[in-house]
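Alright, structures below, take your time with them.
Each of the next two complexes has subunit A plus one more chain, namely subunit B in the first and subunit C in the second.
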Partner chain A sequence: MAKQKAFYFDSSACTGCKVCQVACQDKNNLPASLLWRRVFHYGGGSWVQQGETMAPNNLFAYSVSTACQHCANPVCRDVCPTAAISKRADGIVVIDAEKCIGCRYCQWACPYGAPQFNEEAKVMTKCNFCYDLQDQGLNPACVDACVMRCLDFGDLEELRQKYGNLDAIEPLPTGEITEPALVITPHKHAQMSGQGTGRILNLPEEV
Partner chain B sequence: MNVHDWALIAFSILVQMSVGAMWVLRVVHYFAARKYGVEAADRLSDRALLALVPVIALAFVASLFHLGDPFNAYRAVTNLGSSWLSREIFFGVVFAALVVVFAFLQWRKIGSFGLRNVIAWLAALVGLVLVYSMFNVYLLPSQPAWNSWATPISFFATTFLLGALAMGAAFVANYAYLQRKEPGCADTQCTLMREALRWIAVAAVLLLGVELVALPLYLATLAGGSAAGLASVQLMVGSYGWVLALRVVLVFVGAGVFAMFLYQNAMSAGQEKVLGNLAYAAFVIVLVAEVLGRALFYAVHVQIGI
Partner chain C sequence: MGVEGEPQIGRIGLKDLMEKGIYQVPRSPGDKFTYTAGKAFREDPAANPLSTVSGKLEIHCQALADIIAMYGLTTTPPIAQYRRPVEGVEDTYSDWDNKVKGEYPLQVMNPHNFRRSHSVFDNIPQLRKAFPQECWINPLDAKERGIQTGDTVLIRSRWGKVVRPAYVTDQVMPGVFTLGEGAWVEMDEALGIDKAGATNTLNGTHLTGQGEEPWNTCNVQVEKWTGTPLEPDYLWPQRIPIKEA
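Our next item is the complex of A and B:
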C-alpha cells in the first residue's frame, strides 16, 4: 500500500482552546474568513426541574478539531472540473491555485468543509498539511501548537496500529463517503457519527 | 441566494429549455414535413430555431458569473475523465456549437436537407447527453437533497416542459409575423401551428403530472433518509414553504389550466389571437415556476457533515 500521511486527534484530551486553529491561520497567513482548521464544540442533553432546582440530565459536551482529512478517496479531486486538486505521493491532497477557476464544486462534494473559497484570490484553498514544513522534516503548525498534545500526524497505518481504526465521531460525517486519513481517540462522551443526539454548539460565524 | 446561485439557475434553466426546444422542433418538423412538405415545416420552425441561438449564448454568459476566475473558464473541460462538471461543460459547448451551425445552415439553406437533418438530430442527441451530465453533477453523496432519483426526473421534466411551451410561444410569434408580412397566405401555417400547439398542450399536461407525482414522493423519501435530508425538507416546507407553494401553483396554472385552454382553443380555426395570448402566458408562467423550483433546488441543499 502507498504511503498515506494522516492526522491523529485525541478528543479525550482536547479542551477546545482553538490554538491549533489560530496557529494554522498564522502560519498560512489566512484572512479571518478562512479556517483551514476548525474546532467544533459538540454537546447535548437537557436540564430537568427537580423541585426548586434545575438538574442536569445526560448533559455532555466535547470538542473536535478538524481540517482536511487528505482522504484515500478524495471526492474533491474527482469532481474538480479543472483537475486542480491532486494527491501527492505521500497522500497529501493539494489544490493548484493556478488551475483553479473558483467554481466551488469541491465545496459541495466535501463533507468536511475543507475546501474554502478565498474571496480575495477568487480560488479555492484548503489545509495542505503544511507540506512545506513536512518536506523540511518539521511538524505541521497545528500539531506543534497544541497545548494538550492531542494533535499528531504520521503514517496512517502506523497511527491505526497505535490508536485504533476510529475515523469519525459527531459532528464529523461517517468515513464511508471519502475514507478520511484520520485516527481519533474518542472523548468519553463522544457519539458515533450518524447517531448523534446533540448539536454543534459553536456560533455559526465561529466555524 | 447570491449572484453565484443565480448564475447557475439561469444557466441550467436556459440550457435545459434549449435542449427541450431542440427536441420539440425536431419532432414537430418531422411530422409537419411528412404532412405538408418540408417547405411548410421550415416556415413553421426556422425562426423558432434561430431564437435558440441568443438563448444558448445567454446561458453560457450567465454561467461565467458563477466562477471566481471567468477568464480561465476554458480549463473547466480538462478533467473529463472523472468530473461530471467537466463533462457538462464539454457537452454544453458541443450542443451549442451544433445548434448554432444547424441554425445557420438552415437559415441560409446551405447544404442538402439530409446533411442539415443529420446535424440537427445530432444536436438533439448531444442535448440529451448534456442533461444526463447535468443531473450527474448533483448526484453527490454529501448532498442528500440532490443525490436522489428526483434530480434526473425534475431536470428532464423541466427540459421538455419549458422546451415545449417556449416553442409554443415561438410558433405563435412566428405565425403573427407571417400574417403581418403576407396576410391571408398562411392557411397551412395556421393549421400547422394549431396542431403543434395541441400536442404541446398534451405534453405540458403529462409533464405537469410527472412533476406533481414526483414532488411528494421526493419529499417523503428525503425526510425518511438522513438528518441532513430531513433538514432540507424542513427548509422546503418551512422558511421556503411559500416558494414551494408558489412554484406548485404556478406550474399547475401554466402547464395545467392554461394548457387545457390552449388545447381547446387550438381545436378550431379563428381563435388565433386568444391562442397566441394563451401560449405566451403559459410559457411565462411555467418559466417563472421552473425558475422558482430551481432556486429552491440551490437554496435548500443541506450538506452531510460540517
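Our next item is the complex of A and C:
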C-alpha cells in the first residue's frame, strides 16, 4: 500500500491564534486574502437568567486549523477539466499552475475550502504540504510555527496508530466524502461532524 | 544603505536580518546568559537583605504608598477591598438603586488582541485578515439593537466614537462588550469618528492613583451604523511609518 503523507491536528490544545495561517502566508509570500491554511472558531450555548444575574448555559468554543487534506479520494482532481491536479506517490495533492485555467471547479467541489483563487495570477492555488521543505527533510511551515505544538505530519497509518482514527469534527465535513489524510485529537467540547449544535463564529471576511 | 563610515562586524548582516525578520541567540546549558535576579537574597535572605525598609520583598510597600500620597493621588489599601472605579459597572446605571440603565449601558473590556502586541504590527495586512479588529457583543444585547455578526456598529462613549464590525457571541456576558486594545487610529475628520476602533478614542483623561489603570474601565452605547459600511481593514492602504532608505 502506497504511503500517504498526512496532517495531525490537536484541537484540544489549539488556542485559535492563527500563527499557522500567517506562517503559511509568510513562507509562500501569499497576499492577505489567500488562506492556504484557515482557522475556524466553532461554538455555541447560551446565557440564561438566574435570579438577578445571567449564567452561562452549555457555553463552548474551540478552534480548528485546516489546510488541504491531501485526500485519498481528491474530488478536486476528479472535477478538474485540464488535469491540472495530480496526486504524488507520497499522497500530496498538487495543482500545476501551468495547466490551470482558473475555472474554479475544484473550489466548488472541495468540501474543505482548500483551493483558493489567486486574483492576480488567475489560477487556483492551495496548500502543497510544503513539499519543497519536506524534500530537504524539513517540516511544513505551519507545523514549525504552532506555538502549542498542535500540528504534526507524517505517514497516515503511523499517525492513526499513534493518535487514533478521528478524521473530522465540526465544522469540518465528515470524512467519507473525500477520505482526508487527517488525524484529529478532539477538543473536550468538540462536536462530531454533522451533529453540531453550534455554529462557525468567524466573521465572514476572516475566512 | 545611505549612511557613511565603516560597517561594524556583528552576528548577522543588516539586510539578512531584515529579510529573515529574526535572529536567535544560540544558547547552551550553563552558558553565560543565565541570570537569576535576586539570587543572593533567595539563597540567604537574612544575610543579603533587599534595599526595602523591611529588607524583604514588599507586596504592600508603605514607602511607595507614602510617595504616591505625597503627590496627592489615591493609594491601594494593603488589605483587598472593593473600590468603586471610574466608569465601572455602577456608571452604566443612571439610577443604581433601582437598576435603571443610563446612556452608556455596556461595560467595555479591552483584551489583548492576537493580531498585535499592544499596537506593534497592527499594520500588517495578513494579520489584519486573520483578526479583523471586531467588537464582541452578547446575542441578547445584539438582538435588542438589531445587530448581527458582520454588521458595522457605532460605539459611543462619553469621550469619543468608533465604528467596527460586530461579532455576536456568547463568549462575552450580557452587559459586557469587548474591543481589542492597540489599533492604529484612523480618524474620519469630517465625522469625528475613528474607523480603526482604537480603544483610546473611547477613553477619557482620568487622573488616577496607585494600582489603577483608567483605560480599563469604560462605558459605551452601541448601535447599528447607518452610514457607509466599513471595508475590512486588511484592504486599507498599508501605513509604513519608517520607509527604507
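The criterion applied here is as follows: the second predicted complex is superposed on the first by the 207 of 207 C-alpha atoms of A that agree within 3 Å, B and C clash if a C-alpha of one lies under 4 Å from a C-alpha of the other, contacts with A are read in each partner's own complex, and residues count from 1 in each chain.
As a working rule, a residue touches a chain if its C-beta (ideal position, glycine included) is under 8 Å from a C-beta of that chain, and two chains touch if they have at least 3 such contacts.
Quick caveat, the model's predicted, so the values are computed rather than measured.
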item: Which of subunit B and subunit C A:Cys17 touches, first, second, both or neither; value: second
item: If touched residues of subunit A are counted for subunit B and for subunit C, the larger one; value: B
item: Which superposed partner A:Val48 touches (first subunit B, second subunit C, both, neither); value: neither
item: Touched partner set for A:Val75, first subunit B, second subunit C, both or neither; value: first
item: Touching partner for A:Asp26 - first (subunit B), second (subunit C), both, neither; value: second
item: Partner chain(s) touched by A:Glu206 [first = subunit B, second = subunit C, both, neither]; value: second
item: Partner chain in contact with A:Gly102 - subunit B first, subunit C second, else both or neither; value: first
item: Overlap of the subunit B and subunit C footprints on subunit A, listed as residue numbers; value: none
item: Contact set on subunit C toward subunit A in their complex; value: 114, 125-132, 134, 138-140, 149-150, 165, 167, 169-171, 173-175, 232, 234
item: Of all residues in subunit B, those that touch subunit A in their complex; value: 4, 66-70, 72-73, 75-79, 82-86, 89, 137, 140-143, 226-227, 301, 303-306
item: Residue ranges of subunit A in contact with subunit B within the complex; value: 38, 40, 66, 75, 77-84, 99-105, 108-113, 117, 121-124, 171-173, 177, 194, 200, 207
item: Residues of subunit A touching subunit C in the complex; value: 16-18, 21-22, 25-26, 30-33, 35, 39, 43-47, 54, 56, 59, 61, 201, 203-206
